[in-house]
Amino acid sequence: MPTIIVEGPPISVEKKRELVKRFTKVASEIYGIDHITVIIKENSPENVGINGELLLDFKKKQ
Amino acid sequence: MPTIIVEGPPISVEKKRELVKRFTKVASEIYGIDHITVIIKENSPENVGINGELLLDFKKKQ
Amino acid sequence: MPTIIVEGPPISVEKKRELVKRFTKVASEIYGIDHITVIIKENSPENVGINGELLLDFKKKQ
Amino acid sequence: MPTIIVEGPPISVEKKRELVKRFTKVASEIYGIDHITVIIKENSPENVGINGELLLDFKKKQ
Amino acid sequence: MPTIIVEGPPISVEKKRELVKRFTKVASEIYGIDHITVIIKENSPENVGINGELLLDFKKKQ
Amino acid sequence: MPTIIVEGPPISVEKKRELVKRFTKVASEIYGIDHITVIIKENSPENVGINGELLLDFKKKQ
């Protein structure tokens, strides 16, 4: 612990690398703990709803 | 916020559309907040256990 | 299963009753499953950040 | 309820079977409740960070 | 990792001790990993809904 | 979305403010999205197990 669960859209491995590195730095400084776990959850747009609409449909209108 | 995480079996996009729409309506009425996020998690039967048995095995017996 | 986890602000027991009843109706109709679990998580404003600001601080400015 | 969410690496169906069986036994004995749900989440090494590093990169160095 | 999140009713410290010990043994044997984190979430009956009813109300009828 | 759930020990409001600010900055830069939600979960040492032992007991031995 601490364990950080990140619910977001799919991202590249390079961005995951950066996300883990920077989140771990922030969390270990704030919690004063070295052992930090980050779990990245990639959610496709058809599995996310914002204000009543699937992200999939919202993006089609963009 | 509020954020609603739905752990269930795989469903069609059409059903996801309905789920997001109806959950958002209920949540915004009850919480009095418009910005509602719904995250749908699709779990395959081999990743779910009910009363000690994989759903995968339970379904084979049906 | 399905299990619905609702991350939101504190609400009254009466509202929880309504939330469980209405979410369960929607979920059982969409998933075609009767056994639905709803877990309500009440988060205080000092534990929620929106767009970089604690909800606690955002509310002080309202 | 109780619902047990297991965040871990991918494992075989055989191991999932054992995990569900043994977790359910422990949980029902401790909680004194029969209806136990186990949800197994399989996370690929590129989606997990330990101490600032992607598990994917950590494993390459092994 | 692995991280086990247990959503259940309130239990005694003694039972938590046993839950952590036994879950960790099962998980480390199955995953072949020693570093196991268990996070116990205690949910009051007014925050849990089963089949459309608050556990709080269901228990009153028992 | 993205939604970041942080499972950790109790921390001060001042630290929560910093955590939200810095996590939001990292996440919005990496995901390229402004609307970021952070949910901080404070877990007491009796509800966390590390390597088979309650954090509560581990701390007593320190």
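Letters A, B, C, D, E and F name the chains as they come in the text, with residue numbers starting at 1 for each one.
As a working rule, a residue touches a chain if its C-beta (ideal position, glycine included) is under 8 Å from a C-beta of that chain, and two chains touch if they have at least 3 such contacts.
Labels paired with UniProt names: A, B, C, D, E, F = Tautomerase family protein.
If you're wondering where the values come from, they're calculated on a predicted model, not measured in any experiment.
Ranked by how far their CA centres sit from the centre of chain B, the chains are topped by F. Using mean Cα coordinates as chain centres, the one most removed from chain A is E.
Distance between chain B and chain C, defined via averaged C-alpha coordinates, is recorded as 14 Å. The distance from the centre of chain B to the centre of chain E, each centre being the mean of the chain's C-alpha atoms, comes to 20 Å.
Residues of chain A in contact with two or more other chains: 1, 3, 5, 7, 19, 23, 37, 39, 43, 48, 50. Every pair of chains in contact is given here: A-B, A-D, A-E, A-F, B-C, B-D, B-F, C-D, C-E, C-F, D-E, E-F.
By the touch criterion given at the top, residues 5, 13, 16-17, 19-21, 23-25, 28, 34-42 of chain B touch chain A in their complex.
Interface residues of chain E, counted against chain C in their complex, comprise 7, 43, 46-54, 56-57. Contact residues of chain B toward chain C in the complex are 1-9, 11, 15, 18-19, 22-23, 26-27, 30-31, 33, 43, 48, 50, 55. Against chain B, the residues of chain F that register as touching in their complex are 1, 3, 37, 39.
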